[in-house]
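These notes are about the structure you will find just below.
A, B, C, D and E are the chain letters, set down in written order, and residue numbers restart from 1 in every chain.
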Amino acid sequence: MQLFILTAALLALISFGYGVGRRRALAVAGPNLRSLHSLPRYHGYLVALWCGLPALAVVAAWLAFEPSLLHALVIGALPADLAQLSDERLALAYNEVRNVARYGHPASSDSIAEAARHYASLRQTMFLSVAAIAVALAVAGLAAARARIHAGLRARNRVESIVSIFLIAASTVAIFTTIGIVLSLVFESLRFFQMVPVTEFLFGTSWSPQMAIREDQVGSSGSFGAVPLFAGTMLIAGIALAVAVPLGLLAAIYMSEYAAPKFRSVVKPLLEVLAGIPTVVYGFFAALTVAPFIRDLGAKLGLSVASESALAAGLVMGIMIIPFVSSLSDDVISAVPHSLREGAYGLGATKSETIKQVVLPAALPGIVGSILLAASRAIGETMIVVMAAGLAANLTANPLEAVTTVTTQIVTLLVGDQEFDSPKTLAAFALGLALFGITLALNGIALRIVNKYREKYD
Amino acid sequence: RDQIRVVGSSTVYPFTTAVAEQFGKGGKFKTPVVESTGTGGGMKLFCSGVGPDFPDLTNASRRIKSSEVEFCAKNGVADIVEMKIGYDGIALANSKKAKRVHFTRNHLFLALAKDVPQGGKLVPNPYTMWNQIDPSLPAAKIEVLGPPPTSGTRDSFNEMVMEGGCKSNADMKALNLDDKAHAKACMTIREDGGYVEAGENDNLIVQKLDANPAAVGVFGYSYLEQNADKIQGSFIDGIEPTFDTIASGKYPVSRAMFVYAKKAHVGQIPGIKEFLAEYTSEKAWGKTGYLSDKGLVPMVDAERKEWATKINGLENLKM
Amino acid sequence: MNTANTNGTAKVRSRGLEVFYGEKQALFGVDLDIRSGEVTALIGPSGCGKSTFLRCINRMNDLVDGAKVNGSLTLDGDDIYHREVDVVQLRAKVGMVFQKPNPFPKSIYDNVAYGPRIHGMAADQAELDEIVMTSLEKAGLLGEVKDRLQESGTGLSGGQQQRLCIARAIAVEPEVILMDEPCSALDPIATAKVEELIDELRDNYTIVIVTHSMQQAARVSQRTAFFHLGKLIEMGDTEQIFTNPQQPLTQGYITGRFG
Amino acid sequence: MTESTQLIRSSDTRTAAQIAASHLKRRHAAERRFKAIGLSAVVVAMTFLGLLLFTILGNGLSAFTQTYVKLDVTLSPELLGIGEQRTAEALATADYGGVIKDAMYKRFPAAQSRAEKREVAGLISSGADMALRKALAANPELIGTTQTFWLVADDTVDMAIKGYTSRQTGQEGNRLSDKQLGWLAELEADGGVTRRFNSILFSSGDSREPELAGLWGSVVGSVFSLLITLAVSFPLGVATAIYLEEFAPKNKWTDLIEVNINNLAAVPSVVFGLLGLAVFLNFLGMPRSAPLVGGLVLALICLPTIIIAGRAALKAVPPSIREAAAGLGASKLQVVTDHVLPLAMPGILTGTILGMAHALGETAPLLMIGMVAFIVDIPASPLDPSAVLPVQVYLWADSPERAFVERTSAAIIVLLIFLAAMNLGAILLRKKFERRW
Amino acid sequence: MNTANTNGTAKVRSRGLEVFYGEKQALFGVDLDIRSGEVTALIGPSGCGKSTFLRCINRMNDLVDGAKVNGSLTLDGDDIYHREVDVVQLRAKVGMVFQKPNPFPKSIYDNVAYGPRIHGMAADQAELDEIVMTSLEKAGLLGEVKDRLQESGTGLSGGQQQRLCIARAIAVEPEVILMDEPCSALDPIATAKVEELIDELRDNYTIVIVTHSMQQAARVSQRTAFFHLGKLIEMGDTEQIFTNPQQPLTQGYITGRFG
């Protein structure tokens, strides 16, 4: 609540600063507006930024450091009987102090109650001083920025450079996310690699995490060769793409080249619904409709088909990712310059000849991009595989057998029942890291290829 | 935080949530939040520390391990109250469209182990049809849908069915393996398709059985109870999985369910004591309590009484 | 510059040709004969309907939504817009070269081989090679590209690209070649080469060329038609049109009073 | 040119045309075939969509009604256990369940043994007392009278009435005993059973009892999460797209960012959950199970989609517009904010919709941050514990009770309606943008 | 046609101007003076660097990746490519009209008002209205659009669009107006209107116009510069260039021998 009031006050100051800056600029300009380098509103923005940025930064810093600061201060000033507690007990006591102070729980002893009062008053004092500093900074920033307004001030350039700093910062979020992902995987992965050699993990061909769950149990030792998982991922993603790419591409071609605009404007969003259906639905569909169908069909043909087959999961996943191919390819096909089509028609090519031999090659980079996105989605999918392809890590290229994928294993390993520091759980992190590295490399290669292609056209 | 937080096993989840709902309806406290994270994940969260950022209770479909107790202690979670809440039977079942099966644990061991003893040594499991093991079994492909090795149910299945079957197997005894090799041979499940790791969604297994009458599924007893019109439990060693056979301990495949509470939070997070009292009340975990409606198999009266005293007295966990 | 010759007969003949784009009328009753064995130039200010007329001859306007054609237009006496006419066949007979060179994103060889392939003109690879080589030769490009037939056609310079497009067009052995401002994207040297080529091709093909540059029209064509605001104002031997135009509008345009 | 070459020439021409003509039939057939294949691809994809929607609707529509049982209830103060008290507190804690049980025993006096009484009481939901509590709170005068109430039936009864479980007596595996089936038939014969719109499904939070379980909590949770997702990912995504497309020099660094963004699209969402756990919960100390954290994690998940689509949309704005504005002396930023961005907005919105649709359906990452949980209370703020719709689907799909099967499908229907509403909102917004320009 | 006048002083002056697009050199040491109060026409065959030169003057080439400018180019004696120059201010002084009319997809009013708004030229709405009206008036468009100022600028005809772009450019009161083939997309009537306008504007603005049409150059300009393959070949009074060119290349181009 206090924080809310402070923020509101700062926001009010900021908007006030905007007004001040604008009016000041107008005053400086006098009757000739063009004597100003920048528009009055840019002067307003600049004052608002000077007023707001430092103050908000202080508040943000306070929010980030308050807990540890409070902790240090309160612990340092604990009553004697609490101060001599062992570390764990101290942590508990501090926790109780916090609960008492913040949630109003009854205190278990007088010392606690006293510490809680100390905590509360400290917290209040700190907040008030931070609030004072923030407001002072805001006012000072406002005043300083206002004082510096003159006709030649390049307010617009300044505001724009601040905005471009924000833009650059936004684009680094992707980088930081990547770093964050790597960091949140790497430590546990290292622990895993202390137990399982990297070479076994990367090149081993047997994935069988059947190890004892309890130490008093003598279970078999597991093996952690990730090759079957990556092979399974390839197989299932391959089947999915084998469904989605032809269907999606043909649908895209039909929509962009043959269909009436009205047909297209209805069908395209409808197909996009396929991507929005929760994957559980696909999972049930694959496991209860498609898989038995394939099994029965296989039995009729005299093939041995596992109840859980890569084929069933892959087929259904393929349906799910159709819109990625169809919608994005539709866009790029429509963007192929008309002159190329005319070139082919002018030679007496039929529509399909033009499409197959001229339009598609020209749209290839974009189509590859859409397939990449679809493949990304296929690689990341869990539910369908768990439900329809099982969890058995067979190293096989036979789509009629059960296989499993990396993502699926990551999820089952993470939510399983095993000890959290057993290689079984840690393997999830190593798998995540390996998958991350592999897709990163693939994307790098894909970008190169696409760039190369692109250079050839314009 | 003025709300109890529970994490842990997905198997115990239906029971703890039922208690939580009842507890919340009492109106004195907020309804506890119960997460389904798996036993291991729950333990990690539970043991990570004391304070409102950490859960107050964790569900477990097995007993806590000493390494976990140590980890807890390291993070200041020294005093833990152990609460055994009852049993969950693990049923083997198949579709009602097929005939009911009578297994012995030896059958199951021979059908599902990776290596089986034959001619005085261990050979890769040669059986593909049930009736190859015993002519009394159906002439169907061996296809068992069960939990993956990461699941607690699988662990219990290994211990009670596989190890049990293994011990009763004369050929196995004749091999005279050392303890470790013996255990390994007993507990390693085949990976050639006879056993299908079907994920943790038991409803899906039930529906798959319905669609595939040749298959046998392994899952929690409550799912069998709810779907008794579609599937039938198989006899194991002559015992059918029913509420009574499990409760009396006659049915050989059942495991204890636990909930662990953080003593340090008692009195700090409002309602923990009352929640434990609700859990251990007769109307909850009693013979005809609402938990039994949810499929929990209660302990026998004496055991219940003993645990209730221990729990409500906040007795410390002893390993 | 050639003098007008009269030995050609009307290969393409339009009578009362009208074209509408939706509501907008782009051509108003054009009567025009194009003789074989000659180069006919279409000139006129921007937007006067030159391209529109050209694109009627191989029914390229079919591709434009809402385009409608009235009147009669014949090729060798057969109605081009007859219901039964197979456009694919028509376009094989009437080739086109566009304002902006538009090679396919394929190899030089495949660019030229594309037409013969779809029309099944070569029985075997040797025959196809033969056709490709002859076409490139005729287009005056062979010398420059014979060592790199497998490189992409889009990697050539503008002038080379345009000659590649011409080679591509003549590879299907059309009877008529339509060129819509074929040199507007080219530099003077490339332009000169293309003009030379047109002059050579004229003996075997009927050529219609649209150009903005009167200099070019004067250099390459034997007959010139002047369009203005969708109407054919004047048609005659190039020399006559440029030296002694009959219509005041033509006169005004030629002498640079407008356009 | 000699006459002879001309002759060869003309004969050549004829051959070429003839050859071309001879292939025409085959080529036109190929053309028709290709078009038909294209159309059938569309048809196949649409068929799958139809099949899926049909299955979901077929399974889930019945969950929108719920069975109610008519019962005459005597509201005696003794049974209610409130004696002479009429305070609100007393009324709130009164034993309505006992009253209902008593009424049921009276309705079926044949049930005498304890087991039979249990079975009789089991026909009514344990949550049926809500109706009584509400009625008495509104009108305490009713105490002491006998009133007719329509009470929520137990889920087993509901399943039988809806025909999902057998009502034939004497069958093994029935969820209702033969006696219960008999009583149910008796009630039905008296007109004491009806199916009404299932308002509970849309007004309450989760419950262990299928007939009392509702989606409102997860709907609110989804709204909170997705608002946060939108508030974070949209500005960040658009800013990134603008920077990369309009400002950044094309070099190794921007290539790196591009590869990174494409790669993030391929990272399994559960890994984003791990990231959220490490950064938002452990490092920044945000609360568990909160839509705030869920929203942030989902924002990271849909960021790549928005960026990729946004860049494509920005690329599609003709450079001539940029030149025109720059030529008038607009700064780079003004060019972007005044002209390019409004024109690219429809495309950016489309990308946002795709990303948000993805975010709406995610469960796995939420597992890591504690949102896969049983939460009864309706969240009041993004900091309160809350589930979201896909989580509810996931949890219900794994529940043993048979009645959760149809409710799972109902939850999916609600999720799809949510999706449709979201899409519609964006489409309308996009229309507005398109009209303005 | 006007005779060359000499009262103008060099407003824009280039010395040894070289421009590179990546590897490719597009301009080779161009020395050229553009005087105020005159219309200067740049002519030459396609690809000779006319647009490139034009786009240097308001640094539009900054928007092209990999474009590099050497040599000196001054506006009123100030280096245009000096590091400290604010391009935004420069472009406010040097307006541009493009080959293809490119109105913003906004209302006609907002199209014209955009420049004055971002430069803060109007203190209030009335003043802004005034500026918009005057600019439309000067561009000869007011009569046609005054009843539909709130309709979209993209709904106008090509000629109207081009005049709207001119109105938009003069609304910011630039000192120099650059026009890159402003009539190439227009029909003769629209062209005539734009040419008339250029003639009127010349008193108050320094105008540089690129054109493909020698007729147009002759009609509207006082001075003409002839470019060829990136080099400035000849520069002089328009009448002199068209009647008595000094360089054989110019002569060849004027008389239609190439280009």
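The definition used in the following text is that a residue touches a chain if its C-beta (ideal position, glycine included) is under 8 Å from a C-beta of that chain, and two chains touch if they have at least 3 such contacts.
If you want to know which protein each chain is, UniProt gives these names: A = Phosphate transport system permease protein; C, E = Phosphate ABC transporter ATP-binding protein; D = Phosphate transport system permease protein PstA.
Nothing here was measured: the structure is a model prediction, and the numbers come from that model.
*Asks:* Walk from chain A over to chain C along touching chains and report the minimum step count.
*Replies:* Each step joins two touching chains, and the minimum needed here is 1.
*Asks:* Mind listing the chains that sit against chain B and also against chain D?
*Replies:* Shared contacts of chain B and chain D: A.
*Asks:* Ranking chain pairs by contacts, what comes out on top?
*Replies:* By number of C-beta pairs in contact, the leading chain pair is A-D.
*Asks:* Name the most central chain, where centre means the mean of Cα atoms.
*Replies:* Closest to the centre of all protein C-alpha atoms: chain A.
*Asks:* Farthest from chain C in C-alpha centre terms, which chain would that be?
*Replies:* Between chain C and every other chain, the largest centroid distance is to B.
*Asks:* Would you mind checking which chain's C-alpha centre is most distant from the centre of chain E?
*Replies:* Centroid comparison gives B as the farthest chain from chain E.
*Asks:* Measuring from the mean C-alpha position of chain B to the mean C-alpha position of chain E, what distance in angstrom results?
*Replies:* One centre to the other, that is 83 Å.
*Asks:* Nearest whole angstrom, what separates the Cα centre of chain C from the Cα centre of chain D?
*Replies:* The mean C-alpha positions of chain C and chain D differ by 59 Å.
*Asks:* Could you work out how far the Cα centre of chain D sits from that of chain E, in whole Å?
*Replies:* 58
*Asks:* Round to the nearest whole Å and give the separation of the Cα centres of chain C and chain E.
*Replies:* Here the centre of chain E sits 33 Å away from the centre of chain C.
*Asks:* Return the residues of chain D touching two or more other chains; collapse runs of consecutive numbers into ranges.
*Replies:* Residues 20, 27-28, 285, 331, 367, 397 of chain D touch two or more partner chains.
*Asks:* Which residue numbers or ranges of chain B touch two or more of the other chains?
*Replies:* 10, 37, 200-201, 204
*Asks:* In chain C, what residues contact two or more other chains?
*Replies:* 88-89, 92, 118-119, 172
*Asks:* Output every touching chain pair, sorted by label.
*Replies:* Chain-chain contacts present: A-B, A-C, A-D, A-E, B-D, C-D, C-E, D-E.
*Asks:* Please name which positions on chain A make contact with chain C in the complex.
*Replies:* 337, 339-350, 353, 357-358, 361-362, 456-457
*Asks:* Report the residues of chain A in contact with chain D in the complex, numbered from low to high.
*Replies:* Per the stated touch rule, the residues are 64, 67, 156-157, 160, 163-164, 166-168, 170-175, 177-178, 180-181, 183-185, 246-251, 253-255, 257-259, 267, 269-282, 284-285, 289, 319, 322, 326, 331, 335, 348, 350-353, 355-356, 372-373, 375-377, 379-380, 382-383, 406-407, 410-411, 414-415, 429, 432, 435-436, 439-440, 443-444, 446-447.
*Asks:* For a test of understanding, state which residues of chain E touch chain D in their complex under the given definition.
*Replies:* So the residues of chain E in touch with chain D come to 58, 60, 63, 65, 88-92, 95-96, 98, 100, 102-106, 114-115, 118-119, 152, 165, 168-169, 172.
*Asks:* For a test of understanding, state which residues of chain D touch chain A in their complex under the given definition.
*Replies:* 20, 27-28, 30-31, 34-35, 37-42, 44-46, 48-49, 51-52, 55-56, 235-236, 239-240, 242-244, 247-248, 255-272, 274-275, 277-279, 284-285, 300, 303-304, 307-308, 312, 316, 331-333, 354, 357-358, 360-361, 363-364, 367-368, 390, 393-394, 397, 408, 412, 415-416, 419, 423
*Asks:* Considering the complex alone, what residue numbers of chain A touch chain B?
*Replies:* Counting only chain A, the residues touching chain B are 87-89, 91-92, 95-96, 98-99, 103, 105, 108, 208-215, 217-222, 283-284, 287-288, 292, 295, 306-308, 386-387, 390-394, 401-402, 404, 412-422, 424-425.
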